[in-house]
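Okay, got some structures for you below.
Look for chain A in each of the two complexes below; its partner is chain B in the first and chain C in the second.
Coming up: the complex of A and B.
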């Protein structure tokens, strides 16, 4: 075959472009399908990401922080003997790091609260009242009463379920019982100053919060603490901070745990939500692809006569295939870009106020879920979903182009 | 006067361009079956969750003395457990069990931890919950056990206890006096679910009754019943036990958060489905518009030979209706087919999850078709497809014959 008959790429491009522009209505409708499909997909993916991100945020900010530093073995033993003896050494490393938004020190141990005849097992947590507000949003969960006063005051806050279970009210004298590091059982009177509702049942059911200094005096622990809790300035910094501390504190008898390690249950739950969202999105991707393929097939159906004429005047089938394929590629790339733009604008618009689902459920959060969803556009999922869709759409574009090469001239010229 | 011939022409148009018709019908069918699948996936997941949630420990309905759930004090024990059980059996419930609950401090040589000490009937408990299956080390309670106890894995680890080790339970009896008793650890529960692995201890109801000096003392009667009977049964029992000073609580009242959570999760899916519905609607509108575009010339000829505008519009509405119905039917068949297949095989989430039972979800999810949700979805799609047909019909009826015929 001579080269003269082979068309150059520019020829294909201009041919395809002219075809697209010649019938603006048809092009417009096909393009609209793609824009609509990609835009909705972008929106759905942003909704899903926003929802997951909110849960992660809520989890980290409700109690755990991004990173906790303990004396090694504390997380599994939960024993006061495994405490950090010189927290000052660690705290020195925390000062002035731009990756750290806040930190606090805590003592955690299990104990018993009792009031009158009722008692309940609790997780006693002692924290620095001021530093804590830099790390978590626990203070925002105050249902009644006030936040802890710093110092060695005998202030006590209880999780709402604990308070209900023992029938405690603000101002009540409550006896806390726990074990000192040396094993001695001690009890102490505290005054209930506030009731916390975090929305996380295991916290609401077990939390007894007291000031750090009071606990250190009560347990005769001096300056020691069990946890140093760090809030990173963003989630992405968690891993690098963990690495950094692991290096700096290696050999010092510490364990450095990220939030994922601290509550495997939540990690599983986030992974589950991720899988759930992924399945839904995959179904929607399949749906969008079907719609796009469908529109391209119908558009092709309409052009049978035109293609028949082209074949009749000697255009080769491979040339028709390439022409149609390039048309599809142009349409899909344009549709993808516009669709993503439209979807992105929609997300930006919606993320101002969020989408309020409290119509379906009461306005309170449970398991770190908010009833108001703020869609979030992340580069990662955008490339993943957009990439998949575009590649799949291009593959889908092959089919109509291939179908066109199967056209019988006589058949196609007969249609009117 | 509408000529019947319009319908014949519409039908011939549909059947004459079989491929075009099939493409449009197919688009609706795919959309609908995707929606049906998503609903069923979601419903199946929630059903599984609720099942596991109730099986874990709380059962479907619990009966306590008035106010016990708010403040579980021993003075609020059930006064007439036998009479309640007779009533429960009369209501046709076979799966019930008695429990006695009290707070206690579990102490080992090393340390202590606060726990909810639950006395159970070893023979009846497996009828209402799955606790027995969650024992990872050791065994479940036996009827003839004396002061045997089962702990959650986290609690056992914190207390540094192994099988056969003694554990002292310190608690208050119903008059507020301190009581302590030594138990032997016979089993450890690993569930991965909140509340079970930590802060809970199980023992025989007889042993706990003895320790607390409450012979035949019962604080809870726990029932298990299918999800769709819970509400009705609750109402029945409340009525039948109205002079007993008891509270009859379905799980959704005891743990409203779980209930609300499912509603919220559904709400999230509604949002998704609304968007998906839009995609289907837009897809259909597009195909209808394209096929109309293709037939512009045909409509011009129709008009030229004297067909009224409204007749052309009517013809297209009829076509849209037909396509909508056919698409919906096909979608129902196809969607239910997918659900039936996946319902029998299950969808393995563990590929995506990399773990087994979490948050009350099994790694195999069996989609379940809820007829209410099916009805809503089918109705919405049918209406959407008719609406999608109206616009092209209106467009077509406004064509100028001469212009239209010039169209290639």
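Coming up: the complex of A and C.
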């Protein structure tokens, strides 16, 4: 017995297309449902990605940078003893790297700020005033006064909440107290030159910012620093930079931490939001899947006799299976493309003004979020949405296609 | 491969049993059917509803299995085949004409015929050429681009006949092919089948209880309660000219009815009445 050959792909596509068009109303309703579902999914995903991006940007650019290089153990000890003694060898590695947008050196320690009878615990941060502007947007948060002057000036900037707590005003002489690396407690007078409002309450509540050279002289640390903070040219370069530095500085007594490692809570929150976004995708995809499954099963029921005929005249069950699967895939590709297109237009429309959630602004501050959310379409989300939908469609198409191969010819014909 | 007992037989059925079950209730459909159909025959299976005609066609057409017995079609024991083998067997050996036309709705008449050719591995151009040829054979060449819902019942059944023959099958099985047609169209269809049988020598096995179909039979096999109760052959009529073929077609309706009743009276009855000696096969 000779074998039957395969039908050409064109024949399958033609049959599938005509079968979809045999009931235009039903196909139209299914498509409309899919378009609505996928457009909604695209918009929700873009909003989710938008605010996650804002949150990440705000976290990285308000203080942390993408990568921080410390002396080993500093992140847990926060002790000035764990400092980088020769930052020059690290800085050499940073020069001319296209993956790095900027870097700065810092000294960080905890201390006390006093004005008259008022005092407050602070995080003293000393930085290079010029280099800092390449790494973070801290200078943009200047609420009053001016930015730090470079050199050994005794300029001081305070977070707005600290300033309010001790009643400080621009020009005030403020005493900072801290511990040198050798453990000696020292105090120094600084002049309040500016008040910062970064938008992150945890920073505004504790920040005391002074010039790096002044701090090095005050703490008698020479050229040493505690942090070298790096801003990558894009978020995507973070992992590769971290890997590079780990390789190049291994054995040198450094710890190289990415922004995710520096604040586990933010990392968890971002991961939770990602998971939440995935749940939304799964819910919408489940709805789309149900709709396709429903349509295909109704179509299968209606066409049972015709499929029986096709099998009777020599169509193999594998060919029937493939034909029905192609129908499902065509439906989902069309619905997916149109849905994503409509969703994309909605995102485009909203991307000018964003969605203003100022009413909840105070709640957002804790999570480094802006009150106006700008939706963001990314290749990643497009792949996620369309990929998930396609897989779902294949799954939704598999069952009816499998059912079709179980058709009993004699029962479906009924006349025989 | 099992060889047929008789080299001229294209269908050999021996002691065929088939029982349907509804819950725990058995409904025997075939009770030891024995039958042999020669190549090129134009045979009609007759019998009341429930007599087993359709089940027998189903089994011979490899659409359904049986409980017991042997069915050799074109030298192959079809009851021993698996599902895929049966599908391929049908594709290469059997053409089907169904009661309710049963064309693929989304394909034109031409595409319906070309489809089975493509299943056999022909390319599009070749299969369309064959489709055109067969559409012309059944006098439907001018309507090839119409879809089934744009054709009358008779036209659809002609297309179904063309589709059945397009793969050059050894046997055409037709189940109540005239059941959904008006009398005149049914008679025309039977004439067409007879002409194609004459012209191409394809074996036709038709089930029907339509008197016109029985009248057109060159061999009539009567089934009752799942058994063959009578088999006889008529003397084959002289082949009519292909074009305006059919004696039935040319009779006026009243004449045809009279002819049918006359013949019916002359046939031997179950009670042993004498009629014109039918030749038992």
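Here is the rule we go by: the second predicted complex is superposed on the first by the 294 of 416 C-alpha atoms of A that agree within 3 Å, B and C clash if a C-alpha of one lies under 4 Å from a C-alpha of the other, contacts with A are read in each partner's own complex, and residues count from 1 in each chain.
One rule holds for everything that comes next: a contact is a pair of C-beta atoms (placed from the backbone, for glycine too) under 8 Å apart; a residue touches a chain by one contact, two chains touch by 3 or more.
What you are looking at is a predicted structure, and each value in this text was computed from that prediction instead of being measured.
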Touched partner set for A:22, first chain B, second chain C, both or neither: second
Touching partner for A:43 - first (chain B), second (chain C), both, neither: first
Which superposed partner A:247 touches (first chain B, second chain C, both, neither): neither
First (chain B), second (chain C), both or neither touched by A:276: first
First (chain B), second (chain C), both or neither touched by A:406: neither
Which superposed partner A:111 touches (first chain B, second chain C, both, neither): first
Partner chain in contact with A:314 - chain B first, chain C second, else both or neither: second
Partner chain(s) touched by A:11 [first = chain B, second = chain C, both, neither]: second
Partner contacting more residues of chain A (chain B vs chain C): B
Set of chain A residues, in rising order, touched by both chain B and chain C: 305-306, 416
Parts of chain A lying in touch with chain C, wherever the complex brings them together: 1-5, 7-8, 10-11, 15, 18-19, 21-22, 305-306, 309-317, 319, 409-410, 413, 415-416
Residues on chain A engaged by chain B in the complex (per definition of touch): 25-26, 29-30, 32-33, 36-37, 40, 43-44, 47, 51, 76-79, 110-112, 116-122, 164-167, 177-179, 183, 185, 199, 201-202, 205-206, 265, 268-269, 271-272, 274-276, 278-280, 283-284, 286-288, 290-291, 294-295, 297-299, 301-302, 305-306, 355, 357, 359-362, 364, 366-367, 369, 371, 373, 416
Residues of chain B touching chain A in the complex: 19-20, 23-24, 26-27, 30-31, 34, 37-38, 41, 45, 70-73, 75, 103-105, 110-116, 157-158, 160, 171-172, 175-176, 192-195, 199, 257-258, 260-261, 263-264, 266-272, 275-276, 278-280, 282-283, 286-287, 289-291, 293-294, 297-298, 347, 349, 352-355, 358-359, 361, 408
Residues of chain C defined as touching chain A within the complex: 54, 57-58, 61, 63-64, 76, 83-85, 87-92, 96, 98-100, 102-107, 115-116, 118-121, 124, 163, 167, 175-176, 179
